[in-house]
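In what follows, a single structure is set out as structure tokens and then discussed.
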Amino acid sequence: MASHILSWIVFTPLLGAFAVLFVPQRSTHLIKWITLSTTIVVFGLACVALGFFQASQGGFQMIERALWIPQFNVQYLLGTDGISFPMVFLTAIISLLACLGSFGIKEREKEYFFLYLLLETGMMGTFVALDLFLFYVFWEVVLVPMYFLIGIWGGPRREYAAIKFFLYTLAGSLFMLLGILGVYFAASPHTFDMTQLVGMTRGLWFQKVVFLAFFLGFAIKVPIFPFHTWLPDAHVEAPTPISVILAGVLLKMGTYGFFRFSYPLFPDAAVWFQPAMAVLAILGIVYGGFVALAQTDFKKMVAYSSVSHMGFVLLGLAAMNANGFRGAMLQMFTHGTITGGLFLLVGVLYDRAHSRDLNGFGGLGAQMPAYAGILTFFSLASLGLPAMSGFVSEFLVLLGSYQYSKVVTGLSTLGIILAATYLLYMVQRVLLGKLNPKWAALTDINFKEVLTLAPLMVLILAIGVYPRIILDYMIPTLDALLKIVKG
Amino acid sequence: MIIPLQHILIFSLLLFATGLYGVLVRRNIIGILISIELMLNAANLNLIAFSKSTSLAPETGQIFAIFVIAIAATAAAVGLAIVLALYRVRKTVYTDEVNLLKW
Amino acid sequence: MVAPIPVALIPLLPFAAFAVNILAGRWLKHRAAWLSVATSTLACALAIPLCWQVFRGAHFAHQATWLMLGEVPLQFGYLLDPLSSTLLFMVTIVGTLIQVYAMGYMRGDPRYSRFFAYVSLFMAAMLTVVISNNYLLFFMAWEIMGLCSYLLIGFYFEKDSAANACKKAFLTTRVGDIGFLIGFLTLFAAIGTLNFSEMNSIISGAGATPLNTTLLSFAAFFIFCGTIGKSAQFPLHVWLPDAMEGPTPVSALIHAATMVAAGVFLVARSFTLFAAAPNVLPVVTAIGTITAFGAAFIALTQHDIKRVLAYSTISQLGYMVTALGLSGLGAGTFHLITHAFFKALLFLGAGSVIHGTHVQDIREMGGLFKKMPSTAVTFIIASLALAGIPPLSGFWSKDEILLTAFASGHTFVFGVLLLTAFMTAFYMFRLIFLTFFGEARNPKVHAHESPALMTLPLWALAVGSVVIGIPGSPFMHHWFQKFMAHASHYPEYEPSLFVMACSIAAAVAGILLAGVVYLKQKHWAENTAKAFRPLYLLSFNKFYIDELYSAYIVKPFHAIGRILFGFDETVVDGAVNGTGYATMLLSRIKNWIDIHIVDGFVNFTGAFAYFLNSFTKRLQTGFIQNYLLIVVAAVLAFLIFELKSI
Amino acid sequence: MEILELFSKIGIYATMALVLVFALGVVALRNLFHCALCLAAVLIGTAMIYVALHAEFLAAVQILVYVGAVMTLVIFVIMLTEHLGGKTIRQTNRQSPAAIIGLSGIVVLLGTLLMKTPWPVTAKALDAKVSVMSLGKALMGTYAFPFEVISVILIACLIGAIVIAKKDVSEKGPS
């Protein structure tokens, strides 16, 4: 098992999914517990893999290699490093917690949990695949369950949101596929193998074109302004646990793609596009912040805050130095935990009040004290309060971007102020003020919901207080990447 | 052989033609089945005649005739059962009243 | 030199109290307060011997790597030098006393344990700020202080005014904090370290590598933005008066004695940096002077007892900032310490008055002296200290600032500060005369003296207010100034009798004028207000700064948000949907072509076949015997064909 | 001997003629019951021709199986469906002229063909005697496998016939 730990991590959810298929439709409890135990097992496997992971090593580890389609030299090639491993871990945690959050699903549980586990396989596979073809396959595998999960269990405009999400992402990934093929045919011998592709040299023009193709695929996923409009719709319409997955993991697939493919494969193009990326990052940060400020829908606000926060990841990427990379990588992880938590909290409130209208709430701080405390906690984490993980990552990103450009950094700090503004404005409208008598019957957050949130809070605090617990895993790989990019 | 082979063959040809005529023109399905029996008989007769006059292994013709009789019996049984079923469903035994295969 | 005890315990003890209180407060109830006070006292007990050692010349520092910034390790640790030990001394004592007071003041509040949890967290953060050895740790704790301030201002969050005030406080200081963040990022870019000691040695030991003065100036300026926000300096001072929505002990602890003073402390901490960036110092001085004068001017006309004190705090903070802008490190820090004592005392006294009368408007008070003697006496002592009457502590520290301004040649600044001192004395005694003397103006108010739990800290602070000025006075040969000068060098000036005389004259004049106006000639106040109506309105409405911000910053921000959201929905999303619609339209056109042309051809083929079929289908009679007949005919044909040769 | 042979020849031809007449009766009679009786006569006549061809065993089988079993079956079915079969209704369809023409063509053609074909009649074959024992040996030896297959088919068909003919229980259940 030790030698195939990554395969186990990727395919255990699939096994669970098939187990779910064999359970009668009516045994919903059994289905839920099978899914939960599967996600727990995957998390356990991720912890086991953590034991095998050598943090000091910069290259790929735990490689599994087998020939898949010999005619095209396609391999089944899995491996992990300091970039993908945190993402695998994040996926395992978020999947576990979102699964707990899914226990409230009331209709067509069998299909839901089957698709859910399929989704987890897709996500895990995306993060550990080192063969471009295999990566693309997993990347697309994620789309299908997501489409159904939004389209069937979503809100009133779910079909619109699901189709928009699907088509938009698909359009992007088609460009990526072209890029992948371009890389494949330009390589000699023709190969999809990342471990071989990284060392090869490519012409600048070719790099630029293919970089753009990859960029489109990843940018839509991140999402980077102006490709972000699928996000609010998908977030608002998706059921709570799926929003959590969407924000917690799916968005990271885009930035992960930059780290894993765009930068190592096209370092010259990356340097060439650096200013453009920085500008897009700033636009995303400021624009997302302003738009979030204008929201009256709780979920939409959090969705736009994602646009703003993912802008920081892009900013760190654009900075192209050690601190920027570390900050971006850490921001990916922390955004997953923080925004995931915020979506769970929106769900908690929505389950009780069946409303997400920020202007309709008020004074819940006295009615739901524990909920208020936790919501305040996550809001503060999201606005980058020190001693929570968001601060460390934003600080590192800003430090990195400062070394790149002072103007860009100065503008991006506007995003931090905006984050504080819209989050506190939200807190004020939801928790503070007089209690609207309409909500006098709302019950406080219950133990199970706290249980889903507590691990995230622990992670946020732990990383915020001592970021080396996670940064030490990332740094060797990121430094190696930096060497490739900077030549 | 008392009479020439050709005569027996002509006889069986006539018998066969008569049976075929019955199959072609009778409206009653039972009548058709009976006519089929006639045709089978004609065939049997041929088998026996050839085995008697030309074959080197004289048992073969007779044995195949026995097989044909057996098959004829099953055909009759199944056919008649179908007739009964049809009769029960459609209240008719006339072929021109059962024309589901029509255009 | 590593300290004999784990210094980290000093902030960690209150933090532990916070953790316990926030998690188990529901079961602890009133015991929460005991926990907070106990940890705070313990921190005090740990801190004071250490401070004593530092006062005797020791120097403690220790650090460990927290994070790698590129290749540079960022080391977190503590630094106990004269500056930080002074503040540590003040914060632990004042903080503990205020918490004791709060036990009485907050009794019966439904969120009692929550209050003490927040206060403990604040203590932890404040102590971390004081002892931190680098900008990042400083900033982190500084932000957490901001959080506590937010939580405590919004403690009575059911009131909309409190909910607005806490958000305003957080956001306003956040603006300054972002400046601070940019400041130390710039500093890091300039000298490659965030550590205070390393920064000091790099800047003062210049010459080895020429420093980028422009970058340093930028760093200093942006770091000063943090001070502007936190210490409520013009133009970011607007949050502090609103912050009075919080419980009074909080106003005393956070918004008078400690947190707002941390901004001044930041400048003092970065003193070498500011000294190396000479073109920033005039900015500091200007901001400080404007704030000192403007706030005092506003305080003249306010009616809310806590708001008067809040503007007074802003004004005094302006004094300190001015002092630092004039390179008077000793003077500024000295005033910081003395101010902490008497201003905390003033707020606690005001709290005691509010606790006793349940009103905050001074027009409804009056004649409280007899009913609340302890409160009144301590309040008057603190007011005298604030006004600068010798030999109380405020006199020595304020005199030091005036001396710095005078001796360094900034006569205009000196004049403004002197005027401010006069106004300070005036508005403080206006407050006292209206509150404690005269006759009770509102018969509904039934005042009573506060319990001993509240008056004892008052007396303790009163003693502090009297004696804390001694170390900086000629009686101890200006020991404090010399002590501070050990750490960082700044110009020292010989004491001047002229300055002292001016200071005393201004204070006494202010007190006397207030006495005349508010005890003898009561119509003077109204007449003056009528005569100088524009000025009065300007003061009463706080220079209309809130309205300006609301109209030119807050509303535009929201408007931009809405406009961009509209842009997002119509243009950006419209482009996406438009692509979708265009595709749909195209597909409809193609669909038409498909149906009528492509499919038309296919259909024609089908229809043609159908047409032919209308003949051939006749063969399909559905009548088995017919088929058989055809078979027979076929056999016949076959036979004819085969046998035609025969 | 000659006379005997002549009589037997005459007897055989007479039988043949009679069989043909009865056969016409089978296809032409209106009353189905009469048709069945004619068929029985045809079968018996054929059995007699078998005897003339020295196939006595087959003649016995013919009488037993056909006349004994199949005819009984046919007559039962006729009786089961009888009340509806009006004897007055036309029993042939409209294509009988066409059928007669076609069939006559076939008969003429095939008849000429039969008469013209030089059949390889051998004396050895004519002399061969087929005993019941040799038939039995062939059936159980050389043709054992087809024999078994036929028996399986027989069983299957009988079961099938029963299933098909059986009245559907659910059909008449509610009423």
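Here the chain labels run A, B, C and D in written order, and each chain numbers its own residues starting at 1.
We adopt the following convention: contacts are C-beta pairs under 8 Å (C-beta built on N, C-alpha and C of every residue); 3 or more make two chains touch, one makes a residue touch a chain.
This one's a predicted model, so the numbers in the text were calculated from it and none came from an experiment.
K.L.:
Going by CA means, which chain is nearest the middle of everything shown?
P.N.:
Central chain is A.
K.L.:
How many angstrom lie between the centres of chain C and chain D, each centre taken as the mean Cα position?
P.N.:
Roughly 114 Å separates the two chain centres.
K.L.:
So the centre of each chain is just the mean of its C-alpha atoms; given that, what is the distance between chain A and chain C in Å?
P.N.:
Once rounded, the distance between the two centres reads 32 Å.
K.L.:
Distance between chain A and chain D based on Cα centroids, please, to the nearest Å.
P.N.:
One centre to the other, that is 84 Å.
K.L.:
Could you give the separation in Å between the centres of chain A and chain B, each centre being the mean of its C-alpha atoms?
P.N.:
The separation of the two C-alpha centroids amounts to 80 Å.
K.L.:
Name the residues of chain C that each touch 2 or more other chains.
P.N.:
625, 629, 632, in rising order.
K.L.:
Residues of chain B that touch two or more other chains: which are they?
P.N.:
Counting only residues that touch two or more other chains, chain B contributes 20, 24-25, 95-96.
K.L.:
Name the residues of chain A that each touch 2 or more other chains.
P.N.:
Within chain A, no residue touches at least two other chains.
K.L.:
Which of the chains touch, listed as pairs?
P.N.:
The set of touching chain pairs is A-C, B-C, B-D, C-D.
K.L.:
What part of chain C is in contact with chain D in the complex they form?
P.N.:
Result: residues 625-626, 629, 632-633, 635-636, 639-640, 643, 646 of chain C touch chain D.
K.L.:
Note which residues of chain D are touching chain B in the complex, please.
P.N.:
Touch list, chain D to chain B: 5, 8-9, 12-13, 16, 19-20, 23-24, 26-27, 32, 35-36, 39, 42-43, 46, 49-50, 52-55, 57-58, 61-62, 65-66, 69-70, 73-74, 77-78, 80-81, 84-85, 89-93, 95-96, 99-100, 103, 106-107, 110-111, 114-115, 119-122, 124-126, 128-130, 134-135, 138-139, 143, 146-147, 150, 153-154, 157-158, 160-162, 164-165, 167.
K.L.:
Which positions of chain C touch chain B when the two form their complex?
P.N.:
617-618, 620-625, 628-629, 632
K.L.:
Within the complex, which stretch of chain C touches chain A?
P.N.:
22, 66-71, 136, 139-144, 147, 150-151, 154, 157-158, 160, 162-164, 166-167, 170-171, 174-175, 178, 181-182, 185-186, 188-189, 557-558, 560-562, 564-565, 568, 572-573, 575-576, 580
K.L.:
Applying the document's contact rule, which stretches of chain A touch chain C when the two form their complex?
P.N.:
Its residues touching chain C are 164, 167-168, 225-226, 228-230, 287, 290-295, 321-323, 363, 365-366, 373, 376, 380, 385-387, 391-392, 395-396, 398-399, 402-403, 406, 409-410, 413, 416-417, 420-422, 424-425, 427-428, 431-435, 466-468, 471, 475.
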